[in-house]
Every structure is written in C-alpha cells, then in structure tokens.
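Structure incoming, see below.
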Amino acid sequence: MPQPDLPTLPLGARLQDPLLVVEVEHRTGDHPHTVLTLGNASGRLPTAPFWPTDAAKVAGITRGAVVQVIGTVSSYRDRRQLAVDSIRVLPRDQVDWRALMPSIGDVGRWWKRLDDWRARIAGPRLARTLALFYDDPDFRARYEQCPASTAGHHAALGGLLKHTVEVAHIGLATARLYPHADADLVLAGALLHDIGKLDSYTWEGAFEMTVPGAVIGHVVLGAFQLDRRVRAQQPMPCTEDELLLLHHLVLSHHGSLEFGAPVVPMTLEAEILHYADNASAKTASMDEALDDPENFPDDRPVSARTVWQLDRRRVWRADSDWGAPEPEENISD
Amino acid sequence: MPQPDLPTLPLGARLQDPLLVVEVEHRTGDHPHTVLTLGNASGRLPTAPFWPTDAAKVAGITRGAVVQVIGTVSSYRDRRQLAVDSIRVLPRDQVDWRALMPSIGDVGRWWKRLDDWRARIAGPRLARTLALFYDDPDFRARYEQCPASTAGHHAALGGLLKHTVEVAHIGLATARLYPHADADLVLAGALLHDIGKLDSYTWEGAFEMTVPGAVIGHVVLGAFQLDRRVRAQQPMPCTEDELLLLHHLVLSHHGSLEFGAPVVPMTLEAEILHYADNASAKTASMDEALDDPENFPDDRPVSARTVWQLDRRRVWRADSDWGAPEPEENISD
Amino acid sequence: MPQPDLPTLPLGARLQDPLLVVEVEHRTGDHPHTVLTLGNASGRLPTAPFWPTDAAKVAGITRGAVVQVIGTVSSYRDRRQLAVDSIRVLPRDQVDWRALMPSIGDVGRWWKRLDDWRARIAGPRLARTLALFYDDPDFRARYEQCPASTAGHHAALGGLLKHTVEVAHIGLATARLYPHADADLVLAGALLHDIGKLDSYTWEGAFEMTVPGAVIGHVVLGAFQLDRRVRAQQPMPCTEDELLLLHHLVLSHHGSLEFGAPVVPMTLEAEILHYADNASAKTASMDEALDDPENFPDDRPVSARTVWQLDRRRVWRADSDWGAPEPEENISD
Amino acid sequence: MPQPDLPTLPLGARLQDPLLVVEVEHRTGDHPHTVLTLGNASGRLPTAPFWPTDAAKVAGITRGAVVQVIGTVSSYRDRRQLAVDSIRVLPRDQVDWRALMPSIGDVGRWWKRLDDWRARIAGPRLARTLALFYDDPDFRARYEQCPASTAGHHAALGGLLKHTVEVAHIGLATARLYPHADADLVLAGALLHDIGKLDSYTWEGAFEMTVPGAVIGHVVLGAFQLDRRVRAQQPMPCTEDELLLLHHLVLSHHGSLEFGAPVVPMTLEAEILHYADNASAKTASMDEALDDPENFPDDRPVSARTVWQLDRRRVWRADSDWGAPEPEENISD
Amino acid sequence: MPQPDLPTLPLGARLQDPLLVVEVEHRTGDHPHTVLTLGNASGRLPTAPFWPTDAAKVAGITRGAVVQVIGTVSSYRDRRQLAVDSIRVLPRDQVDWRALMPSIGDVGRWWKRLDDWRARIAGPRLARTLALFYDDPDFRARYEQCPASTAGHHAALGGLLKHTVEVAHIGLATARLYPHADADLVLAGALLHDIGKLDSYTWEGAFEMTVPGAVIGHVVLGAFQLDRRVRAQQPMPCTEDELLLLHHLVLSHHGSLEFGAPVVPMTLEAEILHYADNASAKTASMDEALDDPENFPDDRPVSARTVWQLDRRRVWRADSDWGAPEPEENISD
Amino acid sequence: MPQPDLPTLPLGARLQDPLLVVEVEHRTGDHPHTVLTLGNASGRLPTAPFWPTDAAKVAGITRGAVVQVIGTVSSYRDRRQLAVDSIRVLPRDQVDWRALMPSIGDVGRWWKRLDDWRARIAGPRLARTLALFYDDPDFRARYEQCPASTAGHHAALGGLLKHTVEVAHIGLATARLYPHADADLVLAGALLHDIGKLDSYTWEGAFEMTVPGAVIGHVVLGAFQLDRRVRAQQPMPCTEDELLLLHHLVLSHHGSLEFGAPVVPMTLEAEILHYADNASAKTASMDEALDDPENFPDDRPVSARTVWQLDRRRVWRADSDWGAPEPEENISD
C-alpha cells in the first residue's frame, strides 16, 4: 500500500495509515497540550493539539513508536495539521516501520559500486581484511540501515552506506592524482573509517545515540571493531604493520585533535581520506541546508538563520542557467 | 644539451654548465664565507665555501641569477659540494633559465584536460566569461608558468596549472555526487579561484612574492582581475547576478576567515570548491613532505621534524603491498 | 507637523499619524496573534495584539512599511501599547518615511568637518581621488543616509557619515603624534574604509543587508568601488602604487583575518586607521549599551545581560561628579 | 662634551669616550669569543671580537655597565665595528649614564601638556587623587625616566611619560565625540593606567624587568599603588565608589583576559582608555618596526621578517607625496 | 520547628511555614502571570500561577525575601506546585532566614581541620600572617557563611569554607609527593586564594554578585585584602618578599590568563594550588550535575543536556559494585 | 663498582668507565666536528670535539650505545669536558646499561603502595581485572622500567610507575572528599590510564617513541591493551558495562579533545582522574624546571627562558623559612 504523501495532502483529506512518531512535545504554559509530529517516508505533519482532556489518547506514545492514525488534514493559521480522531500504537513486529523512516531508498546501487571497487583490490591481504566485514551478511544487514548521524548529514536509513560510497568516490578521485598514493588503501580507509557508527547509533523508529557512542565515540569504537575482528582470525589476514596502517586511517580521519581524532593524519592516504570524509559530510550538510525551506522564510535568498552543521554559517540560494538552452528543448522532434 | 643530474653526479665529476642560483647565504661567525646553492631541473648542489679572499667571485650574484659555472664535485664530511673554479653571471636573454627551474614538465596534458572540460560547459555566458581568461594567449602564457606558491605546495613552474586541474578534477568528482550541484559552476570556480596568483608571484629564476601579493593577497587580487575583465566588455559576458556568484567562489575559497577568506562559502559550489582546493593543496604538501629525505634522517619511518605546510604535523613513511604479486610479473610471457 | 513623542505619550492619548513598521511578529502558540512595533524618530511603541479575527487589518503589512494609524495609547501589565482602530499602508512616495527612522539628525555639521579636512589635503592626486567620491552628488546623497550597521553601532540614517567623521577625528589625532605618519593618508583611509557599506545595506524604512553585502562583504565591496572609480578615469587620478596604498587601507581596516580583513595592516597609516575604526565602533556600542534601559532592570548598576556587540561583556553604569560644583551654578550671576 | 655619533663615525675614527654596555654576547663554537655591543644616545656599535687571550679585558663587564673605551672604528665584511684598545668600567656615580641611554629627550613639553590637562579637571576629588601621584616630586622624578617596556614600544628613558601623554591625547580626542563620556575620567585613566610600571622595570643602564613585575605584573602593581596611596590619606581624597571607578580603569585597560586584564572594560571611559592605550602602543611599535633597517635587507619594501611586537605581522614601507609640491619650495623666494 | 520537606510533601498537604523566595518570574504572553519559586533547606517548590487578579498578593515580593505562606500542595500536569492562599513578607530580623538557604550544614568539622592544619605551620611569620584573617572573629563569621559561587560549585552557605578545606586537602596531598614543595605555603595559598569572594558575593536570602565582584573580580579583591591587612600591621607580620610569594599564589590561582589570572603560576606551590583548586571546583560541579535529576529525563544514563559549569560537557550516570558483597551483609549476624 | 660522579669530577680527573651515549651531535660549519654527550646515573658530561681526523673513533657510535671510555676531565672556557683518549662500544649484554640511565631508583616502595591499594579493593571483578596486568610478572617487569615520557615529566627508568602512584595518591585524596565517588574506580583509572605507554616508548639506553606511539598514541594503545586482555579471558573478569567504565577512564584522561582525549570525562571518577594526572605531570615538570640550573643563568630568580613543558611559562625560584627555627637546631643535645 502506498504511503500518503504528507507534505501535499489537501485540506480535508482523510488519513487512515500507519505513521511514525517523529517527535513528542509536551508544551507547558497556560494552556498545556501535547503535539505529535508524525511522519513517513514522504515527510512529516504535526497533529492538532491534544488538550489535557485528550491526554489519555497520547499516554505512552513515545518517539520512534509506530501508530495507526485516523484523522483529517485541517489548517490552523496557514499551517497544515492533522486533526486526529483515533491513534493507537502498533506492535513493532506487525509493521514495516523501516519503510516509514527517512531513507536513501534502494541500497543496491551503492552496494554494487562498493563491491565492484573491492573486487579490484590488488593486495589479497587487504581484500581479506575488508572481507571480514563486507562479506559478513550480518554486518551488511546492519550497515545498509545505519544512518551516518542522528541529526546532521546523511541522517537516514542507509545514510552511512551512501556516505561511505561518497567518501570512497572522492578519495579515489583524489588518489588518482597522486602516483605515490595507494588507492586501494584509500578505499580501505573509506570502507572502515565509520564502522564504529554501527555501535554508536540505533534506528528503531528514531535515530538515537547509544551509551558507547556517547562515552567512547565512533572513532575509537571503529578501531576496537577492527582490532577485534582482525585478531580473532588465526592467522591474522594481514600483518601487524598493515593493521597499524588501517588503525591509523580510522583513528585520524577527523583530521585534528579538536575534532576528536586522537591522532592526526600522517600518511598520504590518511590525508586524502580526511578531506574526502569532510567533503562528503559538509557538502551533504550544505545541500540539506539549502533544501530546507525553513531556512528561507519569505523566499529571501540568504538564509535567515545560521546552520550549526556548517559551523554557524548562513547559506545562499542562488543559481543561474548562464544562458543555456532548456534541457527540454533538446528533446524536441 | 642535457642538464647534468646534480643529485647523482659522482665525486670528481667535472661540471661546465649554466645553473640557477637558488640561494645565496652569507655566513657570519669567526670564519665568514659565502655558500651558493646552485640548481637546475634535476635538483640542487651547494658550492664549497667562498672565503673572503674569493669575495670578488660572488660579488653581485643574487638569488635567481643564471650563472655559467666551471667546477668539480667534491665531498666534505659525506656531503657532496661543488668546488667552483669559475663562475660568471649570464645575461638573462641568452639562457633558457626556465629550463633550469623546478617544473611540472610538459603542460600540454594539463591544458588538454582543462580545455576539454571548458568545451563541455552548457551555459554560453559562463563559457564566455571563462574565455576572457582562458582564450587569452597572454593569460595562458603566464598561467602555465606561474607556481602555486613560493615555497609550499606546487612550488614549480606550471604548478598553478597543475593545481588548477587537480582542484577541478576533485571538485567535479564531488559535484557528480550531488544532483543539486552545478558542476559547470564548480569547474568555473576551480579555474578562477587562484588567478590572483599571477599578480602575487614572480618566477624569474626564483619564486618571489610581489608587493601586491603581500599587501592585498591573491584572493582579492583574483577578484579584482575578474571584476576588471568582465566589466571591460560591453555588454558584459554575464549578468551582474552571475558575476556575484563567481566573485563569491573566488573570495570564499579559503573556507574561513582565519585562513584569509573575506567571506565564508555559502553555496553548494563554493563549499565543494573549498574542499577540493584544500584536498589538492594539503595532499600535495603531504606528498612532498614524504618525498623529502631530509625529513627522515637515519631512515626512521616517522619524520624527525614537523612540517609547517601541514600545520606542524609529523609524517609517517609506511606502505605495504598487502601480498599483491609484483606488477612486473604480470607483464611476462 | 511634529511627530508624536512615542516614549512619553500618556495613557489615553489619541494618535492619528504616519508611523513606520519596525517589526512584525506573528506569535504562535495557543492564542496566535500578531504584534506590530511601530516607530518614528522619537522612538517605538508596540501595538496591542491583532487576533486572528483582525488578521485582515495587518495582512500585507511588512517590515519597513509606512502606515497611517489611528489608535489610543493603552496599558497592559504596566507596559504601554497602542490599541489600533485603523491602520493602512501609505504609498511610499507620499510620505517622508526618512523622517520617521532613527537618524543622526542634521548632517550638515558632519559634512562640514569632513569637507574642511579634505580641503587641506596637500597632495593633489590624493585630493582628486577622494573627490571621485566626495564631489559626486549621488554618492553624497546616499552616503549621508546610509547606516553604519543594521543593528550594531551607528544603526541610524546618517550613521555611516557620523562614524566616518569619528574615525577621521580619532585617526588624525593619533597621526599627529607620529611624525612619520601621513595624516592625509589616514584621512583618506577614514573616508574610504567603509564605502562598501553603500552596497551592503538598504534603508528604505528598515535597515537590511543586501545580497552582495552578505556574500561579498563591505570590505571587498569597498575595494571594488575604489578600483572601479579610479580606473574609470583616463588618466587615473593617482598612480598604481598610490592606488595600492589605498586598497591596503580599505582591505586591512578590520585588523586581523578572523575579523574579516583579507590582509592585516602593514603600514603606519593602516594601523592608525584600524584602531580609530575600532575605537569609534566599540565606544559607540558601549554608549548605546549603557543607554539602553533594558540592560538594567530594577536599576541595578551592572547589566543583567551580556551585550553581543561588545563580545558578550556586561556593562556597568557608574559615574560621579567628583565633587565638582553643578555646571548650572556657573551660569548664575 | 658631545657624544660621538656612533652610527656615522667613519672608518679609522678614534674614540675615547664613555659608553654603555648594551649587550654582552659570549659566543661558543670552535673559536669562542666575546662581543660587546656599546651604545650611547646616538645609537650602537659592536666591538671586534675579544678572543680568549683578551678575556681579562672583558671580565666582569655586564649589561648596563658604563665603560671608558679607547679604540678605533674598523670594518669587517662591510660591517663597522670598534677595535678596542682599552676598556674599563667606570664607577656609576662618576658618569651621567642616563645621557648614554635611549631617551625621549627633554621631558618638559610632555609634563606641560599633562599638567595643563590636570589643571582643567572639574572635580576636586579627582584632581586631588591624581595629585597624590603627580604632585609628588619623587613620583615625578621616577616617572619621567621609566620606560614603557623593556624591549617593545617606548623602550626609552621617559618612554612611559611619552606613552602616557599619547594615551591621554587619543583618549581625550575620543571622549570629545561622546557626550556621555566623562573626559576627566578618561584623563585620569590615562594617567594611572601604567603607574605599576614604576615597580616593574629598572633602567640603571639597561631596561630590566623586576621580580614583582614578573610575578605580579604591572596591571595589578598599579592597582596596589593606587589602593595604598588613596587609603593612606585620612580622609581619603575620593569616595570608595570613586576609587572603584579608578581601579576598574587600571585593571581593565588591557581589554581582555587573554591579554592580562583581570577584568574587561565595562564603562565608556574604560573602553575609550583601552583603545587609546592600544593605539599608542601598537602605532609606536609599527613606527619602530618601519624605522628599523634590519627589517628591510636589500631595500625591499616588504619586511623580510615578521615583527613579534605586531603579532608576527610583516610591515610595508611605502609612501607617496601624491603630487604635493615639495615643502621646501614654499619657503624660498 | 522542623522545616517541611518540600520535595516530598504529598498532594493535599497543608503548608503554613516561612519560606525563601528563590525566584520571581513574571511571564508575559497572552495570559500573563507570576510564578514564585519558594524554598527552604530541604529544596524547592513552585507556586501555582498568580493571575493579574492576584497581582496584589505578590506585589513587592523580591528574590531573597522571606515569606510566611499558607497553601496546599496541588498538581498540574504531573508537576507538584503550591496553591497559595496567603503570602506575606516577614521582617528579616524576625526569621532565621539562613536556616532556609542551601547550606553545607555544621561548619565545625571544616573549621577543625583547617585550624588543625594552621596549628602545625612551622614558620611563625606565615602563621601570624594567616592569623590576621583566621583569628579574626568577624572574618570567621563571614567566611563560614559565604558561598563559593552564586550558581556554580559550592553555591551554599558555608560553601567557601568547604571548598577551602577541599583545596587544602588536595594541595597538601600533592605537596607531600614533592620534597621541594613547601607544604605550609600550599596550605597558606589554599586559605588565602578565595578570600576576595567575601567582597564579591552577598547571601542575604539569595546569592548575588556585588558590584566590586563584577568590576574588579574576586582574584584581585583577595590580593587587595591581603595587601591591606598585612600592611596595616607595624611591623608587618612577614617580609616584603614573603608577601610577594603570597600575592603570587592568590593572583595566579586561576592558572592562565584566559581564565582571569593576571599572572600564571610560576612556583611549585602556585602550580599545586591551581590544580587543587580546579580539582575541587570541577569535581564538585560534576558531582552536582550527576545529582541533578533534571539532567536525566526518562532515566536515560547520559545527560540530555550539556552542563555549562563543565565547559558544556554531557555527563554519564554509571556505576557498578564490581561484584562486591553488599556492605549491609557484613554487618549482620 | 661505583659510578664516577660526572657533575663534580675535578679537572684532571682520570676516567676509565662504561658510560651511556646520551647525544651525538655532528656540528657543521667551517670546522666540523662531533661532540658526544656521555652520561651515567649521576649526570652528564660532554666530550671535547672529535675533529675530522678523529672521525674513525666515533664512527658507528649512536645514541643509546654503551661505551667504555678512557679520558681526562679538562676545561674549555669554563665548561668542563672530557678529553677522550679511547672509546669503544661495549656489547649490550656485557653491561648493566640500565644502571647508567636516569632512574627513580629502587622501585620497591612504589610497588608496595600500589599493591597495598590494590589489596583493599572491595569489588572482586575490579580486582581481577587489574590483576590481569598487575599480577603478570612480564607486565610488572616492563612497567617498573618504562618512563612516563621521553623528554618531559618523569623521563626516567621507573618514571611511569612513580607517576602512576602519584596519580593514584592524589586521585584517592580527592575521591575521599566526595561520598559519591567510587575510590576503587579512581584507583583503577590511575593504574590503567597510561598502560599504553608500554607500547609507546623504548628505553634501551635512550628514551625513544615507537611507531605505534607516534601513529596511534598511548591513550588508544592503552584502551587496546585493556580490550585485548579482558576479552582474552573466558569468561571476562568483568561485565561489558564495567569494561565500558574502564575504557572511558582511559580514553578521557587527557581531559579535552585538543589534548588528545577522543572523549571528554563524563563521570565523577574520570574527572578526578584527569585532574590527578594533570597535577602529577605538571607539578613534576615545574619541579624539574625549577631544579634545572640552565634556566637560571647568573642566579637570577626568574628563569631567563620559558619552559615548553609548562606551556611556555617562566618559573620563579623563591622560598622563605618564614622565621622557622632551623630544623638542625631541633636535633641538639
């Protein structure tokens, strides 16, 4: 069953669908009430207020829950909202809640690029080391769902996989310019640099940070994973010196101490990896900030607010076709 | 006539060649003397000391001069040096001094990639604006010689052209990942971002900073060049709004105020350009640092000193073939 | 017709005047409503809430509009407000909206000091270069209106002119102490340093940042203006070397990279200009902060909040007559 | 007896004069020797080396000593030096060693301006408080000799007095622009802000930091002086609240914590004082840096080295007469 | 009469007690009202809103007042509040308002440890200098009440005394490890380092910063106190050099300029004091942050918000008994 | 055989002993030569120069070698040196080279305190986890030799053990003040926080950084060690949650990201550990700086140079007996 397109549902539209609870806000003040933000893969819609008399309706509904909602799209001061007639939590195992979350969509093409790159790795010990992760079905199953952050860049199901491929793509393009660079090692760095995020986030309806993610951090958690998987093999798939190269890539990818790297990049491949990671993360954040209409009230071209993911910069919506003929015109016949 | 290979000339070898004066050091102390560092495209070699009694020989010899030298390779405490019998300054117009400087070599392939990219630009106004520079033979003649810095990354004849192509290459690879990014505009940013370096450096035998380079800086000098060339055309090849987009790319490419950008990147293309510029510059610096034997006395793998071009990091020489068969083995038959 | 004195109008006073719309706030929450802040040269007064039933009254009213208002001064929880009976937007060309904005008042005395200084400049090429701007009636007409910022120091009609004279005054006083300093050049720096603000702000009823102001910045926009005006003359009114001196003054006046100067001050005059600019801007901000009663609730002497224009400092209201006889006493006979 | 003009004495000139020992350098290496830098009010001249065989000649000669020297100006590698025939330390009380130190010269005109300003102070309590210092002959005798730093700005006998007048001059010029500013209080701040330097430096032949200057600092030492002198009077010449105003001026004049101010400026007068102090100190440093030929080898216009007193900036020697007729031409006829 | 335990009073409980007014909030918006936060030594409880019709009840009630309240504990959206029937301000001299404030409790044991340490000081001049403060009953009476901050660490009556003992305890433990350290001097530093807080805070019902605390700061105020008390004795109880040592301890204890120390620690004892001070202050802040349930909504182990007293860190509630038998089990039998 | 006391050997003394080569300096210049710095547990002594004609004598002698030296103490410009008659490298296994290195001396008393503390740990799982390291003879053998740094604090054989005990001592003293703190866990943090230094340094005659120490860092290397040892046991000696607590202590002990901690302290015990570590390291550095006569030429009380281990501070030698009777006087009889 197709999901209703929340951002475009007309006033008066009747809704009777499973939705995710994206946010629960208990507003205090003189007229306390609760507002839920409901969402599916198409976007989000807030509910009309639940007043204290309706408190029972929303009791026990938490962030990340899947709910069956019956209601009507109404309007309040030019903002659309959902007047809820009934709402109830669905058992998690009866719903495809993943289908309701923000997602990069089909992961197949990202896997294909990644696995194609892996297949061309020249050094068998490097290939075997990566295979400890990327040939493991459990690892793949989790990796293709994990987001790359909880609220920043690539915060979507599969976001980590997409980010990984972007980093590899940019890193390989850079490595190609430098004959001294070991492109296979850059690729390995891209594939391993964020594996610690698997232990740092959960995505069961909402993107949350785990305790180890908060008190260890994904950088060192990734190095732990690498250390444990490699050492669990007898003999190890690579040498101690080679493992050191990989550990250095993972541990230095944030580039400098103040951004959480316990060690700075000291090899050509670590330097390339760091800039590729940054380019993917920051460009994605810029892309999202430019795409968010809330940054541009009244259609002004320069954002009214600064964006924390971009170190508190404002962003500027501007483009031009530079006189190019419309692409459509080429199609003519 | 081929240039002698300075780094490998054996002891006792006789030299009778034009060389560049790369450095002039007047050493004080109890036994004052002068040492010249001479160079050609193959590398460098210091002279034996010129004692006060030889002062006449080196009088008037300055950094960047071309000299005809007759001498013999000798050794002093395991370091090779050139015992100079005669040295005289050559008139600049009688020598191909450019052939003696560090250089990226043939510029043809870099121009080809750059011009091929330009040829595929969709917007005629953007193409015409870039053509103001890149179809101007005088601009090209200077651009293909200019270094990208005096002592940092790409400090070689043609270094700016090579850096430009690297930035465009990385920038285009990144832009391809983001459907919202205007790849042509990223290309334009790459081609324009450092044009101010033409006014910032000289390379007449030595790489030097000009006064405008020191007191205005290449970022704003580039914006000046862009402003003047575009406004000199009537009508302008692009609109005012489009010129603003280009100015923003040039002015923001250093990424943040403390690195000399008068404005931070606020568009997707400016963000991509900034990271591509950084990736090219920093990877090149890392490449050079790893290639410099003076960083690695006694063959130790971690550099004995920190590298200022890399924000005072140490660098690590390490690689592995990861068990890959020697490439040569593949060729046999 | 004199403007009503908004800060002192008594309760019950009847108002029937043109006013500026200084702020439009749509407040959400349980009881959404709109409040306008109206102003004239005397100060500001908020309206009573416009409830949804009055929405039609304020539809289409935007920041910076001039409105004809009929209403009565009322009170709500000890805060005066304007209960609006009728409000309508006036055509901009029928109103002297400038008279309603915060303003430095008569600009004549500031012009006089500035032009007197100009008249005493010894170097004819410097005088002619400044005259390109300061003898241009269009430039003067805009310069005497432009604010020096949108919400910081000298945010008033004519604020830029006043700030310019202050900077020149302090700069000349400093230059007089240093025989090596070229006082005329310091004056030129003061007169040119902020000309880019003409392209950075609008003041049509409200002080707003333009797109070029946001994406290029007033520092470089000023250098552009200087470059274009000087080069538009044939022959140029000054030499290339002299233009370089002026560009350096404009581009370095923020003092250090992290404050948006693409180059740091490197001449005596640039150093003097920088400190004079800072002294004017920061002292004005301090003056305004001390004058703002909202910083001092309950008449406490140390401000209850920090002031962002002063790098998040608190300010202290303190003074003493140190036992001096009252000035009034001197008047007597 | 006039002092010989050290910077211009011709080769072969015979010298038989008292000089100050500005620097004593024991150079190690293969040929250890000692070089003295000797100076008087005209400038400095290094000696030829004292070899170990001459060690007895320089035994016991320390920085700041006054010596009677007999010698001849010679040259060594284009640098003038003094070949010393005989040198002996003079008893300090037999020489006018102050006449040999760098100095601002006659202090009378600086005192006159300062005392004239004091005479016009309106508040008697403020005047009396300043008089505790500025009517005290012992204070004046020391103040007119004290330098403003040991090796930075105004490092000369009387430098502190000159700096004080400069700060007052710039501060009063600024205060005049702001009706809310208490110009007398700004003046008081200028006169008191650096009194702690009297306890921080010695100038008995050399400028040295005292132990209290190093372990307390001149800012707090100044506040101590103020506190002790004011409280030693019964009744105090000003009120506790007024003393607090003065303490705040002294303690905040460095402007921000990282520059050693224990508290930031929070009043209009403290803000004005801070910028006036900075303007005097930094402009003087820039003036000195531009005047130092060692910054400009080979007459290049941009300094070859960075200047630590200017936060590691380079400086630029550039000026122009802008086409002004030579001042001399006006005189003749 | 025992104080009611505010955090645990059941719904419906009747209250008729003196309480402190900890906070007064006038909330604006559509339904303006006032809420008081009332407290005693057991904790705090907010009142139900006072609507405009009740405005008279709360007129003139300010932060820090003691009020006699009659009311009932009610609930509003799961948060307990006090429905106030009557409230009136009590004359300050009729109430033991100190008993109602947060407090470290009995100060006797802290005094005992401090005085025991003092009794063992070997140097009589050091002991006499400390006795100027610690044998003065007025000083002791104020010191044992003063908080160590208004809203940060040890913000309680007696907090300064407790913090002082902690600093001494840690400092002495550190000094014991270093034979070169003068443990008595470390103790003196601990006892003197924060005496300026007596002039910086008031605690008459609320913890407030004084004007001198804001415009001079407790560091320098402490040095003033030390300077005045020591110099008021004739002869001084210690030498000038010894006083310098003590001043250095007080002035450097914040460790670096950016944290408000006008001078950095330069002796072994000053270094030890600085770390002991930091250890006490930061550990106390961490302790309080972990103890504050508002940091841990929904019982999540990692705090939902960052803590400004800890430089914006999050904190983590975690512990384990590591398999230790319950302490209680040991007691039984 | 006792070692000769190098710092006090008189001129003319004859030396025939094994010594360590602490430094090898090849000095270039006009008279190139080599100087060795030789040392034993008593201190250091430089050799007289080895001129090129003696080059054979020092060929192959490297830092860290043990040499048998025959020579005589001579003097050169007031500095003692060793004129070497013969020098030869001793086989490492024939010499007790450890006896020649700087050392904390007998390690027994440090082990005793450490093991006593361990014996009192209440939680068996914590005790067992620590025992994995501290009951392992190989670990102990290495731990009691390892320095705590190569050139900073505790750079001596056994320095790490001494530093560990100091951190535990200060940490336990702090923990005792906070009832919420788990003192056993603080002890565990002290014992584990620097175990990664075992993999980061070598001490075979010289203190050197290993490659893993440089490219991973001791913080993460320590976490690796902990992870591997604990997981190598089946079942693990502690729970996963407990291991997380220990990992957090190790990884956060540097306190903030810019000092190389990949995560900041978030528990009470981690905060205490961080300050205890800092107090030990910085106090030791201060102690060493004050003890180094090279910092205090001419017996001046304030160091002539800044100390990099103390963030470029100067240090001050000052003490007083405060009038205490000489300890010796107490001994009388």
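Per-chain residue numbering starts at 1, and chain names A, B, C, D, E and F are given in the order in which the chains are listed.
One rule holds in what follows: a contact is a pair of C-beta atoms (placed from the backbone, for glycine too) under 8 Å apart; a residue touches a chain by one contact, two chains touch by 3 or more.
Predicted model, so just to flag it, every value in this text is computed and none were measured.
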Under the touch criterion given at the top, what is the topological distance in steps from chain B to chain E?
-> 2
Going by the contact rule set out at the top, which chains touch both chain A and chain E?
-> C, F
Out of curiosity, which chains are bumping into both chain B and chain D?
-> C, F
Classification of the chain B:chain F interface as same or different, half of numbers criterion | different
Quick one: point me to the chain whose Cα centre is farthest from that of chain C.
-> F
Counting C-beta pairs in contact, does B-C beat C-E or the other way around?
-> B-C
Express in whole angstrom the distance between the two chain centres, defined as the mean CA positions of chain A and chain F.
-> 46
Could you put a whole-Å number on the gap between the CA centroids of chain A and chain D?
-> 61
Could you grab the centroid distance between chain C and chain D? Build each centroid from C-alpha atoms only and quote it in angstrom.
-> 39
Set of chain B residues in contact with two or more other chains | 29-31, 211, 214-215, 244, 248, 266, 302, 314, 316, 318
Specify the contact topology among the chains shown, as one of line, ring, star, complete or other.
-> other
Each pair of chains that touches, named by its two labels | A-B, A-C, A-E, A-F, B-C, B-D, B-F, C-D, C-E, D-E, D-F, E-F
Can you name the residues of chain B that touch chain A in the complex?
-> 121-127, 166, 169-170, 173-174, 176-178, 180-182, 184-185, 238-239, 241-242, 244-245, 248, 256, 264-268, 271-272, 275-276, 278-280, 282-284, 286-287, 290-291, 302, 311, 313-316, 318-324
Within the complex, which stretch of chain C touches chain B?
-> 211-212, 214-217, 219-220, 223-224, 227-228, 231, 244, 247-248, 251, 257-263, 266
Counting only contacts in the complex, chain A reaches chain C at residues 29-31, 33, 49, 76-77, 301-302, 314, 316, 318
Touch list for chain D against partner chain F, complex | 26, 28-32, 52, 209, 211, 214-215
